[in-house]
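Okay, handing you the structure first.
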Amino acid sequence: MLESLRAEVLEANLELVRRGLVIYTFGNASGVSREHALAVIKPSGVPYDRMTPADMVITDLDGRVVDGHLKPSTDVATHVALYKAFPSIGGVVHSHSRHATAWAQARRPIPCLGTTHADYFRGPVPVTRAMSSQEIEAAYEANTGEVIARHFAGGDPTEVPAVLVAGHGPFCWGPTAAEAAHNAVILEYVAEMAYYSVTLAEGAEELHPAHLDKHFLRKHGVSAYYGQK
Amino acid sequence: MLESLRAEVLEANLELVRRGLVIYTFGNASGVSREHALAVIKPSGVPYDRMTPADMVITDLDGRVVDGHLKPSTDVATHVALYKAFPSIGGVVHSHSRHATAWAQARRPIPCLGTTHADYFRGPVPVTRAMSSQEIEAAYEANTGEVIARHFAGGDPTEVPAVLVAGHGPFCWGPTAAEAAHNAVILEYVAEMAYYSVTLAEGAEELHPAHLDKHFLRKHGVSAYYGQK
Amino acid sequence: MLESLRAEVLEANLELVRRGLVIYTFGNASGVSREHALAVIKPSGVPYDRMTPADMVITDLDGRVVDGHLKPSTDVATHVALYKAFPSIGGVVHSHSRHATAWAQARRPIPCLGTTHADYFRGPVPVTRAMSSQEIEAAYEANTGEVIARHFAGGDPTEVPAVLVAGHGPFCWGPTAAEAAHNAVILEYVAEMAYYSVTLAEGAEELHPAHLDKHFLRKHGVSAYYGQK
Amino acid sequence: MLESLRAEVLEANLELVRRGLVIYTFGNASGVSREHALAVIKPSGVPYDRMTPADMVITDLDGRVVDGHLKPSTDVATHVALYKAFPSIGGVVHSHSRHATAWAQARRPIPCLGTTHADYFRGPVPVTRAMSSQEIEAAYEANTGEVIARHFAGGDPTEVPAVLVAGHGPFCWGPTAAEAAHNAVILEYVAEMAYYSVTLAEGAEELHPAHLDKHFLRKHGVSAYYGQK
């Protein structure tokens, strides 16, 4: 069932390991089949070096297991909440990557200070509001997704495909699991450089909107001219 | 004698090397057999790449060598003091890992700023009081254990399985040597992110107690639902 | 066509990968044949691990493709602008290396704080002025080159073979593509140490001009005595 | 001539590469034969991966080449000045390792904030005074050695086997080239942790003298009890 999506989701998870975003059993990547209304996600707490495509877990968009011999990531309810809230996305990644998590812990949005950021995120990477005790105590993971979804309500989640959950860490998305993982790696890179930048010059000037748009639109949308297409 | 514990203790020591927590002959991991009232610990000053299970040293819980052809870690007296003070633990690890040691040197407890921390440590990682000249001059290593033990007196050392010895570095523990090493790796990860967080936002808000408990209890105790059990 | 220059340019690009200056398809290195008035540059958006010398793109000094089956780097117009403005250079490298980019984002020149810097750059590494909306909206990449060229107008670009484009990142150059890549690696190293230095001691003293000249001239010019020549 | 010392000096140089203290042709390690009054040092500007023991250069204690087919490190005059000033040492290492150099550039001594430092250096690692234009313009490298030697005049250079040359970087020494390299690696480790410590807590308390002595003397001198001797 969903053979190629299982393989792609495994590969997205392994990309997080290779790029140093996760250690031990940290992190989780998933992909969605819109056609089947099913998500494929990493199992909970299984070491990466033993994981096979067959270990990926298939759930419906309410997070109920449909196929698989293992329990899904504890964060599955957040993933499916995002798939329901953002119909245009195909993959979700959550990590506790060092610098992005530090901004989430500092509860500061990552300002767009340069073109590296603008190439991927059309504006600051936001921080969610803190979750209430009630939201934490019951249906915590689903509520995490809700808080993210409400933050982007009315906006286009593909323009800034990442968010920092306050006191927690980043969630990223993209058209596929692979692209969500790619965005997670870039977010960590951008978060690291922004850290150096603001500790060098607190209140560093944000990139001019014309500059931001130029770089974002070199890579995205109908006028993109980066790459070989 | 204690074949499998020797192997496990060696492996815990090697995990510290693989994860970048120790260089040269830094650091030491041990395990205890409660049944035999014996500890197994790394030898002092021996390079990691030549170490075999047979090089591990067996001591009684007063730190006296019972078996082994090498001298035990100079910190053995701290390890056995912790085994005596904390009957529920099975492994102890000491390292001078970079960021955890920096917090110990800055004499600041590591605040619980996010869920990565809360997954492992149910509250701030404390710093011991400074040791007196008397405590340093005689029975220094045993007194280091004493100062740690007194810090946790009356509390449950398994809720926060780590401490920073002021001006020195971290000691961690766990149900086994492997889990103590795992906690030492996580502590370094958490210490690094907390460093970035407080230099980004001095006085960053600590995680809400409900959020802290939610994450700690997802992984520990009777209601844990992380992983495959 | 230009076989050996293609190979050298590929190698310069790969050096950026090996030294950790670029990830994914970030960065670009080029070389110029003054004899043929042609530049050789990396293709746009192609993964480094599949790149061969035949994938390098040959353009004229206005950036028009003369030979190659792929589109050149989107930054080609910046490269050729530098080749036209600086007749003595043979190679150009652009990266978003972490610390150099952070200084560009902080819009601070990198002060010459030590002899490591002075060995390669005879003075601070400057930051360009911000580009205007007009310069960004049309002929952006060519204008980036223009802004750099104007910054060095009347000076000798070989004395400080690097610049930080404000809100963007570093461009470096040298007599060859290999030396431009070498300078990019050193710039990142120097930018990292300067970051630590100014966060340790804001307003740290710049190196005395006699000390700066001594080190620069140990390695450059007619009185150089470093190395085996 | 001096076969085994050549091999040991090469090995000390390679240790700097393996531990990340040097890139390209940075850094230099040497050893001395007191019996022959000869020093063995790395050649200038030769890539590490091609270096063989036969490439090491033998000089007298005035830095004049006695044997070898290559030019010695440009810093040879500093090395021999230290061998003459400190009769008890057998090896010298110079690097531009990142954090130690940052302290040298910030012109701040590295305070002894913890036991990792105290295990190797019995007090702060000092910074030399700035060199005068005269000292820089003629016999620069010999004068660098002079400035270091004068700093330690009347003291015991083996108690703190390292110094930061202001605006330059660290020089370390030891009984052998291998031990000098070991000290250089530890210095970088200690410098990194001290950087984090003082940026976490400016004015962090220095280690109590009793604690400092305890750790230094666990590893050095007649009462040492670390290791297997």
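A, B, C and D are the chain letters, set down in written order, and residue numbers restart from 1 in every chain.
Assume a residue touches a chain if its C-beta (ideal position, glycine included) is under 8 Å from a C-beta of that chain, and two chains touch if they have at least 3 such contacts.
Values in this document were obtained by computation on a predicted structure and should not be read as measured data.
Listed here as common contacts of subunit C and subunit D: no chain.
Chains touching both subunit B and subunit D: none. Mostly differing positions are employed by subunit A and subunit B in their mutual contact, as under half of the interface residue numbers are shared between these two copies.
Rotation angle for the C-alpha superposition of subunit A on subunit C: 90 degrees, rounded in steps of 5.
Inter-chain centre distance (subunit A to subunit B, centres taken as mean C-alpha positions): 33 Å. A separation of 46 Å divides the Cα centre of subunit B from that of subunit C. Contacts with at least two other chains are made by residues 198-199 of subunit A.
Viewed as a contact network, the protein chains form a single closed ring in which every chain touches exactly two others. Pairs of chains meeting the touch criterion: A-B, A-C, B-D, C-D. Interface of subunit D with subunit B (complex): residues 19, 113-116, 182, 185-186, 189, 192-194, 196-201, 204-205, 207-208, 210-211, 214, 218, 225-228. Note for the complex: subunit B touches subunit D at residues 23-26, 43-46, 70-71, 74, 96, 98-99, 101-108, 130-131, 133, 136-137, 140, 167-169, 195, 198-199.
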